[in-house]
Structure formats: C-alpha cells, structure tokens
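I'd like to ask some things about the structure below.
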C-alpha cells in the first residue's frame, strides 16, 4: 500500500477532498490548523480569524494501483494553488 | 523500527492509549480534532460540542519486536469500534 | 527523499524551526496542540492555558543529502530539552 | 392565536439566528463557528440554567407537586423509549432501534432553554424545579437503550460491556455532571452565599439570551449539515422524527393536566417529552452500541426533531396549553 | 483641536490595547490570542454591529438620504479599486495590482466599528443605515478585482473559474453573510419582537466596548507580525498604504458634503472609503487570484493601512469633518 | 469566627465550581473545558484585574505607603525563594530545588483574584496598588531560580543560556505583559479617557465573578489531574506544599502589621506570599532549567498549594487578619 501526505491551504481543502473522492481514494484523514514554511513563505495561525486560514494536512492510505488516478487528480491543484505532496510505503496493520 | 498510524474516534482514544501502554508501546503521540472519511462515512468537527467528538490520529514509533503485541492489542478495538491502522518503516534520527 | 518526524514541547518549537531553517530544510509543517507519552511522562492539553503548552509535531520532507545537516542541528536540541525524532523514506508525489 | 404565537417565535432573535445558520449551509457559505466555541456556549448554557434552577428550587423547596412532577418525568423517560423501540423495531435492526429510542426518550437541553426563553418573552412564569426534571430525564433513556439491546440482540455480540461503565456513561457524562452540579451549586449558594449568587447574575442572566442566539446560529449550521444526509435516513424515520414530537407532547400535556401543572411548567414538561437528545445519548451510544449507525440517530434528532420543536413545536404546544390550562 | 482628538483617541482603551499587541510583537513576547478566539470576537463584533444597525434602520426607515448614501457607497466601491488598479499597475503585475485594488476598494469592519466607538465617546450621533453601506461595500470590490484580472491578464492562465463561484465568494462569504444576516434579523426583530431585541442588549451593547478592546489586542499582534514582513513590501506599496487612506477619505468627505451628511455619518463614510479589507477580500483573492502574493495585500492592508486609520486616521478625518460640517 | 469564614468561602459559587471540577476528575467524568477556552478566561482575568487596579492606582496615586508595600513585596519575592531553596535542597537536586523555590517565590494571580472576590463578599475594601505588587512579584523569583542554579550547579551543564533571554523570559512572558500592560492602560485611560473606562465596566466588572467561577471549574479539573500524580511527588514535597503557605502567610502578616496595612491589603499581601506560581514560572523553568522535573513543581503548586489556598487558606488568613488588625 501507499501513504500520501498532502499539505495545502485550508482554502483549497474542500476542493482537494472532492478530488480525492472522485479519484477513488478509499478514505482520507484531515488535520486542520496546520502551519509551516514552504516556497510560498511562512503560514501561521494569525490570519485564521479572517477566513484566509492556515494549512491542512491530508493523509491518504491507498493501494498502489489507486495511486495513479489520485496523483492525476491532485497534481493540478497543487500546481495551481501551491502545496506539496509526498508518497511513501505502508501496510495495513 | 516501525511507525504505526492509528485513526479512531476520539471516544475510544482513552481506551486505545491504555491498550498501547499495556502492550508495551514505548510512547505515542496523539493528534485530536482530526476529521476524515472512511467506511463509516464522513467525520467532521460539527458534533464536537456534543461530546461525540471527531477522530484522533495516534502515532507510535516502536521496535519491530514490539509490533506483534501492539497489533494484538489494537486490532480488536478497531474491529469493534471502527477505525484504521497502518504500519511503515522508520529509523531513529 | 526522506521524511523526518520530530516531536518536541511547544516551548522549543520556535528554536527548532529556526534550527531547521538554518540547516537548510526546504520547508516544514507544524502541528501544534499535540499530546502524548514518552520518557518524560504524559503530556496533556491541561496546562496549555499556563504557557507551558503541549507538544508540537514537526514534519520535514528533504533530500537525503540534506539529512546530515538537519540531524546535526536537531539532535542537540532533542538531547537537551527532550523530544524524539524519526526518519523514513518518501518520494515526491 | 396559534399563528400569532408561531410568528412571535419565528421572528425572535434566537430562532432567526437558527434560521441564518440553516440558510448558510443551504447557500454553501463558508460560515463556521470553529470548534471549541460551540462547546463554550453549550457549557455556559448548561451552567447558567442549572444555577438559575437551583436558585429557584432553593426558594420554592421540595413540595408534593415537585416530587410528583419529577416522578412523572421519570415515568416518561421509561415510557417514551420503550414504545418508540417497539415502533422503530418494525423497520430497523435492534441496535438502531434501541439507539433511536434512547435518543427520543432522553431530552434536548437547548430545546428546553429555548422554551424557557419563549415563556419569558410571553411573561408566563415557570418553576425552577423543572430544571431538576430536565436533569433527571437525561440519563434513564441511556440505560433503557442498552437494556433493550441486551434483551433483544443475539448473544455473543457485546464484548466487555459492564454495568459499571454503563452507569458511569449514563450519570457522569459531562452534560449531566455540569447540569446537576450547577443545580446543586445554585441550591447551596442561594442558601449560604446569596451575595455570590447576585454577583453571578450579569454572567448567567443578562448574557443568556445573546449567548443562546449565538449558539443557535451554530446549531442551525450543524442541523443544516445533518439535513444534507437526509437521503440516507429514509421516509419512515423522517416521519417518526416529525410526528413523534407532537404525539409525545400530547401525552405530556395529558400528564400535566392530571398533575394540575400551571401553564409554564406544562409547556416545559411537554417539551421534555417531545425533544430528543443529540448530546448525551449519541455520545453514549457511540460507545456502548457501536453497531448502530450514528448518522441515523443524530440526523433524525438534530436535523429534524430539533428544528421542528424550535420553530413550530414550541408555539404549537403553547397554543394547546393556553386552550386547556387557564392562566395563573 | 486636532491634537486633542488624536490624544483622546490614542489614550482610549481600544487603541491602547491595540498598541499593547503591537508592542508585544516588537518585544518578542510569547503573548498570543490562540485560534479560534479571534474568530469568536470578530464574529461577535459583526453580529452585534449588524443587529444594532438593523434596529436603527427599522426605526429610521429607508428615506431618500439613505438610498443616496448607499448609492454613493457603491459608487466609491467601484471608483476606488479602478483608480487604485491603474496606479498600482505601474509597479506590480496585473494579479498583484488587482488583488491590492480589491482590498482597498473594499472595507474594514473593525475600522468602521472603532470609528463608531470614537463617535460614541465624543457623543456625536450617527445613523444605523451606515451599517448597510458597510455591508454593501464589502463585496463589489471582489468582483471588480477579478474582472480586472480577466480583462488584463494573458489568456489561458485562469482555469476553471466561473461566475457562479465568484459571485458566491463575493456575496456569501462568512463575514458578509453574518453582517447582512444580523442586519436583517435586527430589522425583523425590532419590528416584531422588541422584547427580544431588548434582551439582546446586554450581550450586543454592554459587552461591545470590552470585546472590541480584547479583539484589538489580537489585531495589534497580527498587525505587528505583518509589519515584520515589511521589507518584502517595498517603498512604493508602503507609500500607497499610508497615503491612499487620507486621499480616499478626502474624496469621501467631498461626497459627504454633496449629500449633506451629518458629522457622524460623514466620518463613517470617510472611514469606509479610507479603509482596506483584510478579511473578506484576502480570503477571496487567495482562492480566485492565487497568482497574487498574499503577503503584499495582507501586509499593506493589515500591517499599515489598518493601524494608520485606527491610530491617526480616524481623529484626523474627524478634525476635517468638524471644520467643514456644522454640528447638528 | 474561623468556621463561619471557611463555610462562607466554601459555599460561594467560585469555590463550589472549583470543587465540581475536582469531583469530575475523581469520578472520571469526561468533562473537559477544551483548549484554548481556559486561555481565554485566564487572559480575561489578568486584563480585567489589571485595568481595575490601574483605575484605582490612578485615583489613589503613589504615596509613601504604596512604595513601602511594593518594596516589601519585592523583598518577599527574594526572601521566599532563597529560604525555600535552602530547605528543599536537603531533599532535591539543585535543579528541582531551584525550580520549586522559584514557583513558591512567585505568585498565583488566580489565588489573588479569588482573595479579592472573597474580600468583596465580606465588603472589606482593599487598594488598587496591590495589583502592582502582584505584577512586580511575578518575575523576580524566575531570576532568583536561575541564579541559584548557576551558583550551585556543576559547571558545563548549562549551554547557550544568556542573561538577555533570561530577563526576557522573566519580564516579557505573556502573563506579566498582559497584567502590567493592562495596569498601565488602566492608569492612562482613567486619566485621559474616563468615558472609555466606564464603557469597559460591563466587560471587566460585571462579568468578572461569573468568568472566575467558570475558570475555577477548569482549574479544578487541572488540579484534580495533577493530584493523580501525587505518588510521584513524595511525602516531603506534599508537606512543603501544604505547610509553606501558612508559614509564608504568617511572615506576610508580620510585614503587614509593621507597615500598618489595612485589613484588605493585609490579606492580599499574605496571599501573595503564600501562593505559588503555576503559570509564568513553570513556563520559564521548562525553558531555562529543563533538567528539573516539571511534574514536581507543577503538581505541588497547582495540585496542592493552589487548592489549599483557595479552599482553606484564604478564610484562615482572613481570620488571623481580623484578630490582629482592627477593621477600618
């Protein structure tokens, strides 16, 4: 199996989850109120009151066979809005 | 070493942590207020005020030798209450 | 690529992030309000009101080449203040 | 008369804010009251209502009517879940029928509070001991629900459940604890620290109406999100969620007439019977009957029964009360 | 006279708490108002100001002056972003210029609220319908901003954007929804449930000043954090952020004179023109113009323009108002 | 007389809510006040007490008694940690002894606030400058604590610590900053913006008692959780945590007699001496003396000393005050 770690702005979260569901992800886990630093600079919780929001960390465990479709659904969102995605190996407990 | 990712309802968190400790896990890290989608449908923060709670994400780093006991302690909880568990490889920094 | 998972007290978070940046980490993601159990006992959210804080979970994805410098920057902090660090493999999505 | 009461209820700030919350979900706005702010308001409301009830209970004391009313409340907390279970069992498996029955046998504190506020705006008085009835009706249905599962489910399906943890879940869950605790603190402080109770008043009395409105904005959002899952609920449950409240309220009215309760107490008694729990019971069922599907009992109690009672039920019940019980 | 007004503003609790927040960032204290507490206060302020505006609007009704003022507000919500865009485009690419223009064409509710509070402490009256102008000026600039991008950006850069989601973002974002919703609830409740409105008053009126002070403590922290990023902003934008407010306020004063607005309404109108959005617009731009750099539009509107207006702008504009408009 | 005072304190809403929190932990209820709500209440209490102290300080001015009292407070902030260190060093290593000494040399703002509320319910007046003493006693112990480590610990164990970051930690931590900042804002606003201060009053005065009660509910939970870890603490530290408060209070009473402080100020002075910090000091020690075990200094100050003072200590000290100082 594979594990995906996607980190995007909370503003795009709904869009990302819809894309994951459409691409056949069997499930996902979302951690909100996440901060960090990337190419787009530092993201803090300071602006959360304004609706701009912080980041969200989305974790997907899926079969290797499902990875291609998910990648195709997710990559354009990351490219247009920013955010990063990584894959690693995992097995069912 | 191994890394375990367990995602359960916050309602079972205390029980899960007790099971981990009893099974000899050297430590664990808990992220609460986690949302997501799985076989049991979508979990949001909307019902947190009611005590139903959202999900919790529990991470355990342990020696491969300890994995068996932890799996035996955790699997019945996941089977009865729902929730998912995954394993991957990791090393001490 | 590598994935680093660092879990420290929120009190040392600023110091850790500065160390990561100085050591050339290309970015990082921070999850605050994290609880858990380790050699230092149990950490809960109960004392957050007091400024003592809970834990923070910091994730870094970096090239294997950058790992050495990051390890050298992070290990002394973990040794002095407590906290744990683990490495695993990962690839860009 | 009915339509005036409905309109007066509908155009009051708390109900309008509830509507704004519902609307924001329908319009898919990004409005959210982020967690744990709803918890702050729900804790505050329980604490304030407990204190006020305790203060009044201390002044009125425990006479025969109080004990009779509380006894009747407990009887309803047994009757409603058992009859509901028998009805629901015709369509649902034993787990879901029991969890739904427990929800409808228990109460919704926010519905009760909204009814109190409605009485306040009509200047109809009510007694502090009704809060004790509220507190005592929350737990029994949780136990009945699990007993029903035990008695009717196939053997061997229920590992590791024991009476200790069940009673704990029923009587020591946070909402019961805060409500009962505040009630007792109200009784004690009213007796021994009246100056202290007076200094609580700006917090518990004056802010109450605004805090309720703010919380109902969130409840509107949550109820609206639940309404989206209505498809999964099915026509039978929708009918049950909308028709059982007036039926249970009618039984409550009958009991109120027998007990000669005054108008205000009668309305509150009806609301206790008519409302369904979406706080203590779902939290307990999630743990003790994990085989039941939470989206059934939460959607019906929170997405249908709660809005029905808040918007239509309360003025409707009041109209019946005014017709059958003379004003004091 | 000016210096008295400046001092009186500077030494009022809300502005002093704003200063304390700024100071804590400069001194690198670990003071933080943890999320989501700032959201609680910002929702509360919008809700309270909406209700109060609705109450007064219901009393005053919609006469000719009201409609003219609201029309003028909408005209300013078109004029300011277009002229700002033309100016900013000389230094920034089309995306950043448009996002900045949208921010300055829209409004800052907290600046407006602080101006109302300032008028309150001077005992200068103002009209409830100004809140309607505030609500209506929030959205148009979002649309203008995106239209400017569409008309001037190279083709093929904007995938999947459609008018539906743009209008949705402009008119149904949470701050517009809460403000407009509370305004309408205020109008309705004032008409049909005056007792309900009276019971809201301790929550919406009496707490208002304290809640504003607490929120401005957080705004001081956030503005201070933004000020640290000033280096990335560049001299031109710094000048724009500090000079455009008095220029836009002057235009606003001219319009107020033409409309014969009384002192209080004139100040509020000027503040609407002079303030820049750091809530609705950045949230919308992040989504609809992701090519623009948020740290430019947030830093300039929140780190520079907002403190300028709060600390210096409001008393300055008031001094001009007092010079040119006779007291009622 | 003592027992009346104890009972009156015990049955007041704030102390009863503290007890409810303790009870909920003992009964293993799932009641929690989720983070960051406790932070909201603790920030609010510091802000309100600072403002009120500043207002009164502005009215009373800085006379000789004020300066003497503040000087005595600072002397106690040196004496208590040094004597405590010498005692604790007999059983603990230098790090733990110093961290504990720092906690007991510093103060607990919530204990102080509860004592003020207790005086309020007895209608015994006290002076605003006592808040200045509170603010000034918070920091010195942090510095003493680290100095004790430096002077007594083996060389080479303390990397990268410098005076800058220590002073920063001592004087600019968030609780000192909010308290001192609000005190200064209170002084300034009372002088230059009395209307503003009046408008703060519903927020800072009227809500105070209720907010304190709510916060003490959480403090009861946190203290109860700490009490569970008592086994790790050891008998010596338990004795120290329960016996040092009356001893330090007695020294405080002696100083109060020498200074001819009136009853109210004397009680507050005793409470400052008797209370231990579980906010600023633990946060600073976690950073500057990581070798010390937080569960020792947090458990003893929060799990033992704090409840002792809240429940028993305050009325006990008041009984002594009433015996030795004539009412004004």
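Order as written gives the chain letters A, B, C, D, E and F; numbering starts at 1 within each chain.
Simple rule for what comes next: contacts are C-beta pairs under 8 Å (C-beta built on N, C-alpha and C of every residue); 3 or more make two chains touch, one makes a residue touch a chain.
Source: prediction; values computed, not measured.
Under half of the residue numbers found at the chain A and chain B interface occur in both copies, marking it as a different-residue contact. Centroid to centroid, with C-alpha atoms defining each point, chain A and chain C lie 20 Å apart. Centre to centre, using the average C-alpha position, chain B and chain D are separated by 33 Å.
For the pair chain E and chain F, the distance between C-alpha centroids works out to 41 Å. Under the contact definition stated at the top, the residues of chain D that touch 2 or more other chains are 30, 34-36, 39-40, 173-174, 202, 206-207, 283. Those residues of chain A in touch with two or more other chains are numbered 31, 33, 51, 88-89.
Chain pairs recorded as touching, per the definition above, are A-B, A-C, A-E, B-C, B-D, C-F, D-E, D-F, E-F. Those residues of chain E lying in contact with chain A across their complex are 34-36, 38-39, 41-42, 159, 173-175, 218, 221-222, 225, 278-280, 282-283, 286-287, 290, 294-295, 298. The part of chain A that touches chain C in the complex is made up of residues 4-7, 31, 33-39, 55, 57, 71, 74-75, 78, 84-89. By the touch rule above, chain E contacts chain F in their complex via residues 7-8, 11-14, 16-17, 20, 23-24, 27-37, 40, 120-121, 202, 206-207, 209-211, 213-214, 217. By the touch criterion stated above, chain D contacts chain F in their complex at residues 35-36, 39-40, 43-44, 47, 51, 168, 172-174, 177-178, 181-182, 185, 188-189, 191-193, 195-197, 199-200, 202-204, 206-207, 283.
Only residues 1, 3, 17, 21, 26-33, 59, 61, 88-93 of chain B touch chain C when the two sit together in their complex.
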